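Structures for review follow.
In the two assemblies presented below, chain A is common to both, partnered first by chain B and then by chain C.
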Partner chain A sequence: MRLLNRSAGRLSRHRRGKVAGLVLLLLGLVLSGSLYAALSPATAENTDTTAAEVEKGRELFLVGCAFCHGENGEGVSTLNGNQIGPSLVGVGAAAVDFQVGTGRMPMSQPGAQAPRKDVVYNQEEIDQLAAFVASLGPGPAIPTEADYSTADLTEEEREAAIVRGGQIFLTNCTACHNFDGSGGAMPRGGYAPTIRGVDAKHIYEAMLTGPQQMPNFANGNITPEMKRDVIAYLEATEEQPSYGGFGLGALGPVSEGMFAWLLGIGSLVGFAIWIAAHTTRSKKEKVEA
Partner chain B sequence: MSSDTSKVASSNGKTAATPSKPSKGGIVANWADERLGLAGMMKKNLRKVFPDHWSFMLGEIALWSFVVLLISGVFLTLWFKPTMAEIVYNGSYDQFRGMYVTEAFASSLDISFDIRGGLLMRQMHHWAAMLFIASMMIHLLRVYFTGAFRKPRELNWVIGCLLLILGTLEGFTGYSLPDDLLSGTGVRAADGFIKAIPVVGSYLSFLIFGGEFPGDDIITRFYIAHVLLLPGLLLALIAAHMLLLVYHKHTQWAGPGRTEGNVVGFPMLPVYAAKAGGFFFIVFGVSALMGGLMTINPVWKMGPYDPTKVTAGSQPDWYMGWPDGALRIMPGWESEFWGHTIPWNVFLPIIVLPGLMFTILLLLPFLEAWITGDKREHHLLDRPRNAPTRTALMVSLMTFYGLMWAAGGNDIIAIKLHLSINQITYAMRVLVFVGPAIAFFITRRWCISLQRHDNDVLLHGYETGIIMRSPEGAYAEKHLPIGEDEAYALTARDREPDLETIETEGDPSDDGRAAKLRRKLRALWYADNVQKPTVTELEASHHHDEAEHELAGALDGHAVDGHQFDGMHPVDDEPLRDKH
Partner chain C sequence: MSAHDPNLPAQAEQEPIADPGLEPHQWRPTDVDPKAEKRAERQVAALFGLSALSAIGFVVAYFAIDGGTENPTRFGYLGAQNIALGVLLGLALLLIGIGIIQWARKLMGDQEIVEMRHPAASSEEDREATLAALAQGLEESGIGRRPLVRNSLLGAVGMLALPSVVLLRDLGKIDIPALARTIWAPGMRLVRDVVGTPIKASDLEVGDLVNGLPEALFPTPENGYPAEEAHGSKLQVNKSKTAIVIVRMEPDEIIPGPGREDWSVDGILCYSKICTHVGCPISLYERTTHHLLCPCHQSTFDLGDSARVVFGPAARPLPQLPLDVDEEGYLIARSDFTEPVGPSYWERG
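Let's look at the complex of A and B:
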């Protein structure tokens, strides 16, 4: 009987060892700890630094933002119900990174639209502000480079991504931002700004958060891959040479018409005057007519 | 005719003049003439005289850009595929590879990227089209402002107007062919315009598109209109326009030796053959430079048309800009009758207004002839200032056009000048009515004061800028008489009827509404006009000059610096101002 069940007996002997339970517990703890470290969200990694960041961000917020957005980012309303600054609860870190990272915030004056201008905070301060606003309520996080980069795609995949991105761009973006991303007009003095010369990260954040009059292209609507494809298309068209010559502002037929009249007709009328002024004569010297 | 004249002396030389050995060219010309009999016509027309002035060459820009259009257009037809059949794009533009597009769009991309010189030709064709219509318009303005549309040239004015509208249609069909985003948006808009016509609109739309928009016929249909129907009509009308020009002979500016019965200028061969021929190469060169250096309609950025897509800055080409502007500023009025909507906001600005404006344009010569009652032939041109009401009328029409045109670019103006598109729209709604009225008033008064200035120059001479001090110590600017040629040109215009004669002329008992209106308009047409000085006035002013001369006679022999220019001393080698 014992001969038949030799191997079983050996294993069970260890299982019943005094330290077996302790070893198993340790193994489980190490495994779950390292798995958590590997798979958990990146922000959770530095929990204690985040708390410090939030605090620093709050101090910056109180100085630079609270006047319009309220001390706790709850927004400030005027007596007749308009807003001085909207509530920032739930806008997420991405919105802060976009608005402050492109210089739109802090606003220098109220107006139809907050224009893009020189950035007043450095990236570290922007991150602290973003951390504070993110702590007010759940919202989209700042995208990482992996979200909008096509570096990890093969050549063929990238080409397919660019073609897809072009179609998404032409369907969703050109109506306001123009076919070449040169920008367009919005009601009451607002405008869709140019998206040429804008960082890929900020384009991604704009799609994600829908700043100002822009609609919010949530991930359920336009997936992160589609957002990446749009950016890939924009980068591809920005890199390509200007095949037709000077782009004339890439504004469409209005600037073309202006050049046709000023340059085209202007020079041709000039030539007509020149031809008429040089009339036939029989002597070499100019004859006073 | 056939008698041998080779031995007849044609000189006083010692040997009889005999024709030398005929040149090779002569042999060919003779061969051709014996079969075609063109020598008589050529002899007459090669020496045909045209007057010389830069403004007479504006129509030529239109003619030559049309030739550029024909040449570059033929090139494009060799590769363009006018069908809306869907294929997979596999050309060399990466961003669209593998997409389903129409053959029209794919071949436009092929012309742009895969056919040598194709993009240059496409852009040249488009730029030349812009120049074609623009030059027709400045030519029209020249003809109108100088009164060259008057009898006997009214029908040529009508032909010119038809050319303008056909050119616009030709441009629109061409704009629609590549099937890119702008093309399709334009065609979509046109579909809406057609559907806005009450009662027949939707039937017309279905007829044109072969069913509901977009269907799959429209590009093929536009193509045949663009390459056959419209160019054929344009060519025929251009031929008629130019035949009439030859038949009527060219108008000319008034001047010594130039009358209503002659044309003073240079012959066709060699002078105008060289000038006009050279101008063709200049127009070709300017179109080629523009086509080579300036992007126009980058179809690869626009992408293929798809009814779900649109781009900011969707505008028609410039010549359709003004009805687009009217459409943009029109308030959103519509009414409903028995379940049918009449969209006044589309119908009025885009169907009624262009039709109305075009009718006004066509009728301008007849309208003016009716008001002025002028039934004479005119071959001498008017200076614009000498027809203040006519000039003001066109400037006010131009102002209307220009404001509507600007309204068509309201979005681009808004973003480039940091304005609110709403405010631009509101301002334009007022300005399109007020602006032309202000422009009319200012232009008219401006012309009248220029006429007054002409009279001053005639009667008192031009201002020399020299201040003379009289023996009594008074200061006065010295005026010197203008040259005879200049005086001739200034006085070469008709005396206009004055208001008293207008009120009493014709049949005063004719109290019909038309007659009354005509009398009223005629009074307005000539109101405040400035007549040229009469002979008596001119002579009186000359006597006055002589009297002044005698008064200043004391200065004779005492000329000091500057005084040699007082108009009483010979200053042969010291011209006060350059002769022109």
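Let's look at the complex of A and C:
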């Protein structure tokens, strides 16, 4: 090495050790090689998958969704103008991931409410359906874990997020979903479902896309950071022990009154009947003193 | 009705079926066995004693278990102190009740008793004497004979109502014009409730719902609004009058009211959030029907049709706030509400 570098005189390279140049060269070769190996085929594979996913999604869509939403997701209307299924152009992948991922779609029957039920498709199929619907028109994409996860917040940031999220939740969500997130009644037989125990991803997607009757809280309305704050608040309420006793669904006088009337008064009546029905009697006569 | 005189004793009647009388009384073990009686006595005393212990336990639990706001002691997912207090107080009351019932069932007399019925009215003489005394009193007071005294008394009692009516005035002067206006002013920005950020018209999507307030309630040196309108009771009053809901729908789904054709911006509409029935804040919004439902009494407003009342007890549509955008693209109010917000009042007509 010293022979090779004689002409270089006192260049700084001398002080880095004898094999530094070689190592650097090797490292550069390995890095560019592996980067190429990692990136370029992967991109090719990705585009392949997307095209294939859309096609597979279209096949699934034609079987499971087209009856109500139309063969191209354009929506189907009845003669008197009622919708059998709304147009899916522009609802985006997030809407599909929410609706199918929570089992709301495919609906088992038309009605006032699309209830949450067992999920019919697996995640791969849901992704394919989402890719197909996303190809119909631009719409919100499926949020990534970085959007809704509160795991990487510091303790202080989390506290601040919970406070902010609580205020946003109480302003925008409690009207329908109850201050505790346990849901509530809506007009014409519908209801706002409980959001306790719902995946953070699905809560995020619901705000983003406004499923069924729910209004949107798109990113221009409630910023992604505020959405994550709401999720942090909801996670905090679920971890919050109920110091005051059983919450009974946080439905206030409805469930508490039911409890008092049915269980409280009911057990008193039962006790009274038991008292009246059971009195031990003796066969002996009383001996007057 | 029987033809017999009801005052005659019952034995005089010939009954078709003989009165079977009462079965011989069956005694309880505690009546015939002194040991059982002692045992029952001890049981009752033990129940009362346990009740007293529970009451003492309540006091102990109150002081011994940490029930504070900072990380109180827990029993599973529930507060330990709350459970202990509830259970012990419940036991203290319940054990007294059970003890009394045990006492009554085991020890108090339980022989069947026959009690004859008697007429409930007083005797004829008492009733006559009372009426006579009343008539004599009326006669002596001369209330029938002296209309001057009677009428002046009635007048004096009637006049007593006046002071209380006049005192009602002290409840405060009603500022009728103030009910009809809010701090919304031309050019004032609409901001999001709680966070106070202005709303860009282009940021809203069809189906969006924003709960909003006027920017004047979030005063900063930059926007230059006076701080006193957003402080203390004034803040509460202003909040209750200026709260709004902003929704965006497809422009062709809007049926604009007469003279309101230019009150919306690209399908963005803004209405008072305060129900016109009794003033509850409303934000239960259905994006598909554009209906806004009040949770208090189910008044329903169609926001696509000038907030027309489609159901419920509200008598008026929600006041609409005319919208515009400023040069930066943020939503601003064109003017104050053109009608009073909130519930109706007499002077509104």
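In this text, the second predicted complex is superposed on the first by the 214 of 289 C-alpha atoms of A that agree within 3 Å, B and C clash if a C-alpha of one lies under 4 Å from a C-alpha of the other, contacts with A are read in each partner's own complex, and residues count from 1 in each chain.
Simple rule for what comes next: a contact is a pair of C-beta atoms (placed from the backbone, for glycine too) under 8 Å apart; a residue touches a chain by one contact, two chains touch by 3 or more.
For clarity, every value in this text was computed on a predicted model and none was experimentally measured.
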{"item": "Chain B versus chain C as contact partner of A:D199, first or second or both or neither", "value": "neither"}
{"item": "First (chain B), second (chain C), both or neither touched by A:E157", "value": "neither"}
{"item": "Which of chain B and chain C A:G264 touches, first, second, both or neither", "value": "first"}
{"item": "Larger contact residue set on chain A - chain B or chain C", "value": "B"}
{"item": "Chain B versus chain C as contact partner of A:P187, first or second or both or neither", "value": "both"}
{"item": "A:G252 touches, of chain B and chain C: first, second, both or neither?", "value": "first"}
{"item": "Touching partner for A:E124 - first (chain B), second (chain C), both, neither", "value": "neither"}
{"item": "Which superposed partner A:I275 touches (first chain B, second chain C, both, neither)", "value": "both"}
{"item": "Partner chain in contact with A:E55 - chain B first, chain C second, else both or neither", "value": "neither"}
{"item": "Partner chain in contact with A:C176 - chain B first, chain C second, else both or neither", "value": "both"}
{"item": "On chain A, the residue positions that both chain B and chain C contact, one per complex", "value": "167, 171, 175-176, 184, 186-187, 242-246, 275, 279-280"}
{"item": "Of chain B, residues touching chain A in the complex", "value": "52-58, 60-61, 94-99, 112-113, 119, 123, 127, 130-131, 134-135, 138, 181-182, 266, 271, 275, 278-279, 282-283, 286-287, 290, 292-298, 300-303, 306, 308-318, 321, 408-412, 414-415, 418-423, 579"}
{"item": "Interfacial residue positions of chain A with respect to chain C in the complex", "value": "164, 167-168, 171-172, 175-176, 184, 186-187, 190, 210, 212-221, 226, 241-246, 275, 279-287"}
{"item": "Residues of chain A that touch chain B when the two form their complex", "value": "112, 159-160, 162-163, 166-167, 170-171, 174-180, 182-189, 191-192, 233, 236-237, 242-248, 250-261, 263-265, 267-269, 271-273, 275-277, 279-280, 288"}
{"item": "Residues on chain C engaged by chain A in the complex (per definition of touch)", "value": "26-29, 31-33, 67, 72, 74, 76-79, 82-83, 86, 101, 105, 110, 193-195, 199-200, 202-211, 247, 282-289, 291, 293, 295, 298, 300, 311"}
